[in-house]
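Presented sequentially are two complexes of subunit A, the first with subunit B as partner and the second with subunit C.
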Partner chain A sequence: MTLSPAARFLLVLAVLTAAALLLPFVANRGLVFLAGVVAINVVLGMAFNLLFSTAGLLSFGQATFSATGAYAVALLLLRLPDIPFLLALALAAAAGALAAVVIGFVALRRTEGVYFAVLTLAFAELVHVVIAKTSFFGRNDGLTGIPRPRLGPIDLAQGQAYYVFVIVVTALLIACLWWVTHSRLGRSFRAVRLDPMRAAFLGIDVRRRQLEAFAISGACAATAGGLMGPLTSIVSPDLAHWGESTKPILFTLLGGAGHFWGPLVGAVVFSAVEYGTRSLAGASDLITGGLLLAVVLAIPGGLLGLAALLVARLRPNRAGNQPSPPAIPVASTAEGAAR
Partner chain B sequence: MIADLPSLLFNALVWGMATFLVAAGLTMIFGILHVLNFSHGGFFMIGAYVAHSLTNWSAAMANIWGFLAASVLAGAVIGLVGLVVDRAVFRRLAHVDGAYVLVATYALLLVCNGFVKLVWGLNVVSASPPPELFEVSFIGNLVLPHYSLFVVVAGVVVFLALEWLINMTSVGRLIQAIAIDPWMARLLGVNVGLIYSATVIIGFALAGLAGGLLVANQSLSPDLAGIFIIQAFGVVIVGGMGSIRGAFLAAILLGLVDSFGTALLPQMPGVLFFVALAAILLVRPRGLIASGRLS
Partner chain C sequence: MSAASLAVQGLFAGYGRTPVLKDVSLTVAPGERHVVIGPNGAGKTTFFRALCGEILPAAGTIRFEGRDVTRLDGFRRVRAGMGRSFQVARIFTDMTPAENVVVALEAGEVSNGTAGWRFATAPRASLRAEAEAILSDLGLAGRGDEPASILSHGDKKRLELAMMLALKPRLLLLDEPTAGMASADRMAAVRLVQRIVAETGATLILTEHDMDVVFHLGTRISVLHYGEIVTTGTPEEIRANSFVKEIYLGRGGHHA
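Right after this comes the complex of A and B.
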């Protein structure tokens, strides 16, 4: 039986969403809360992967966008309690896209080598310092007491209603990212990644495509970040710290950058490691660092790449049907070429 | 506000030399291996913890000579670690995309963080300078803590030592040759692999030494790596990746930006550093000294 890629994607998404929605029946409140955080992190990882694997941009400043969304929703809910929640989320998405366009407009002038990574890092830290020092954003204490709003007739503060809402919105965001990745736009992003000069010859506006990828990634990350405030009831400047920017990178590479579901696998494994070692300070850093190092050195396809490899080896007769191993970008940067 | 010009300049110099101490090894490794090493901050931090443990080990170490000896020992320990990291990690990254290399060194930074948390715990430890450096001198209104003077002198000494090493010794000339053209150097019979290892060991030893020398400049905590690596990245990139002279100049320049920025915008310390970093990168993307070679 062969399904079209879109049907297969929807099947996987439906199964995962159903599993996430059934979780409150089998797990305690702490684990359900954690699952909500993981779902948000999955979107952050996938938004990063749209830039990294599809458009070929290594952004070290993704925390800016998730923090933009988180603060936008928090401020809207605290200052305008009557605002419809979906409108607040939409405004958060717009704010994230705007931040991405502004930062991208400057940073995309230097996409070669590590300059883009360091420029995005510098802007992210700039935003972090500004948030941590401005009283409008609550300085170092952040904004507290963010309510779980109503959604029309539904009170999201009741029971697990907000968790269900988080899962539904993240599933929609994942579908949106899948659609972008596989649309005509996503193909032109890939063309720009693989060979910017040839893409330009073919009539693709390279800078504009990169800026669009940045804006879409920023909007998705901001929407996911916007879900965070009402979940934890607090947003703090830590959300904008560069350590938060590295998490989506970690999820993506751990799970497999060449696979659409890679960030999901990475986020789940990372959270499981962190949860399993929560009583032993430092162990989670040591394990995730070691895992990430092993992934880069030994299995560049990530955990999903490894799984695909194992499946292909177990069923050699069906090897032709297996998803091809992820493209590991060969040295294409100025530094790489110099070696 | 600007009335206190001398102390602003002095603060700039202290910031600059402290950051240069961290950035020197970082830029050296980049010049040769083209690896922007995130974990440099992590090994700097481990160096600081090692030196702190050594000075607290016995009362005989509680003077300036013990302090210096502990710093040098920390440098030696981290240099040895560098040998292992070179063999286990950097060698295998030679043909990997730059983005993955950056992430691999970030993974190493995580390992360093985990190691520090496991061995020394999460608590913030305050380290004080040796008694000789505890005092403060005054020139007019200018307050000169002796430890800050020590950091400035240490920065200049390390800079001069590296200039001598790179320009006056045969190893240094080989390092320069490889930075310019490793392929040609190999053809001419230079043992390139050996020089690569030597560079990594020197770069890591500089991180450990910087950790020991700066241990009393701030409190020790597992966050130390993250604070310094961003500043050092800025200095390395503004200076021109791989240029030690450039890093030295950039450290002073960004020190001035930070010092004056804090005076002009006291409510937002550090903001002007990032603004300057972005602005300089856009105007001179290859840095102040744009040779791209070790100099």
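Right after this comes the complex of A and C.
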């Protein structure tokens, strides 16, 4: 039971990936399609959470990066049909990172309080309007007829091949985000979040670290967004709408911002509730909205925070600490006093 | 002048349109333990902030080991070899004490370009060992997995000192290192600072309220009054200075 954090992470990731890959054997095409969308949303949520929980930046414009990636891949596939798909995804990631650096360069001049969030929102709306008004991006209609590409000898249009591809790429992106979160870079991100002034007086270039976090988040969100076009065969300006920026935030808060897997739990639960209530026209939004309100107000740690609390309750005294007051044996109080 | 550790020339600084420091000049020789004293509101903290780069001066120059650092951001001054502590200790409360020092050590490696690429997420074993050595040297060993937030006030100050020392600064800027401590702890803190200075050979500049600490630690003392340095001298000269007595010591008899 003493697995290293990396081994534990890889184990969880392997189990989740295997479960997702087995889904086509037990579920219908509609559900599998939905699972592909959820997988992409998981990455969008985790990319947001890298900024929010690790680097301490509340970005309200994540849709900009996912839309950048989606449009980059769509345009490349439509205009250069022979481009290798992995190259298109890499270019989408670069476009997302570039957009993040440009926006971050301006928005990070005001990291304190609500200014940064409002600036990212303003940029996101700007991008949304530009996309919706530019013929190159297909204006309000977006770009349609995006083909499912080939991957070398593999035709991703066949059967569930593209779904498998989406799951594999999202798993790799999740692994990247985990690595960044837990590496030396992630530690300096956390230092910047916990106390930017202290971090600066350890010689850490705070602005640069924040820009790096923003670029990594943007690149991951753009890659995930790039997977969306060939899945749905259409990209529209709705992808850049501010409502899309709130989704990663909701997934993160619902699942638990303090946990790496929080956005995954949030995205899965949110989508499941949405799917379960889809026939209740109108009431569906009410139920999902109510669920979010309830979770955010009642359990600020999110669903994983609640789960961690329950596990701690069920296994009291395991590490010899934090039992409920009446459970403290006299000996341990004496020991505590002696310390 | 280039022999000085720190040379401040004609420094003016303040907040917005409110000037606080007026034409402050000060030279600190290597190995000196320079204490800046003055009544509340004299501009000690502003002076301190200007020295470490938290605020940029309106005029004047600050040279560190001959290099003009007047316009450098705080983190670049730290990279140049200036270390800084805060009046209320600032540490990363969610991290363990060891993680705090490891983050400092890693920041130091990144600053001086010796960090290199590292795929493993855990800190280098040599860094962890160095962090443990620094912590035990400052009496903070064996704090394990507990977050630094539960440390006592004095331990937090020592942890901050540990983080600063991890960067091996040649100039230590300490903002009221004994603020909020009981008198027994103060003298322990003084001995600790003396030992560190003796071992590392670092130059020391500090602001301080407690006169016991000032006269124990300082080899030179500057008195700041209404944003100007009214006198600089050895502890004996400052003790004997009647103007200083009048503006500072006399008024606050409870310091003695």
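Annotations
In this section, the second predicted complex is superposed on the first by the 317 of 339 C-alpha atoms of A that agree within 3 Å, B and C clash if a C-alpha of one lies under 4 Å from a C-alpha of the other, contacts with A are read in each partner's own complex, and residues count from 1 in each chain.
As a convention for this text, a residue touches a chain if its C-beta (ideal position, glycine included) is under 8 Å from a C-beta of that chain, and two chains touch if they have at least 3 such contacts.
Quantities reported herein were computed from a predicted structural model and do not represent experimental measurements.
Touch criterion met: A:Asp205 reaches subunit C, while subunit B stays clear of it.
Between subunit B and subunit C, more residues of subunit A are touched by B.
Applying the stated contact rule after C-alpha superposition, one finds that A:Trp242 touches subunit B and leaves subunit C untouched.
In the superposition on chain A, no contact is made by A:Arg79 with either subunit B or subunit C. Look at A:Asp195: by the touch rule set out above, it reaches subunit C but stays clear of subunit B.
Common to the subunit B and subunit C contact sets on subunit A is no residue at all. If you check the complex, the residues on subunit B that touch subunit A are 34, 36, 89, 92-100, 102-104, 106-118, 121-122, 182, 222, 226, 230, 233-234, 237, 267-271, 274-275, 277-278, 281-282, 285.
Considering their complex, residues 52, 58, 106, 109-110, 113-115, 117-119, 121-123, 125-126, 129-130, 133, 242-243, 246, 249, 253, 280-290, 292-293, 296-297, 300, 328-333, 335-336, 338-339 of subunit A touch subunit B. Residue ranges of subunit A in contact with subunit C, taken from their complex: 5-6, 179, 182-184, 186-188, 190-191, 194-195, 197-206.
Within the complex, the subunit C residues that touch subunit A are 52, 54, 73-75, 78-79, 83-84, 86, 90-95, 99, 102-104, 106-108, 110-111, 115, 118, 121, 123, 163, 167.
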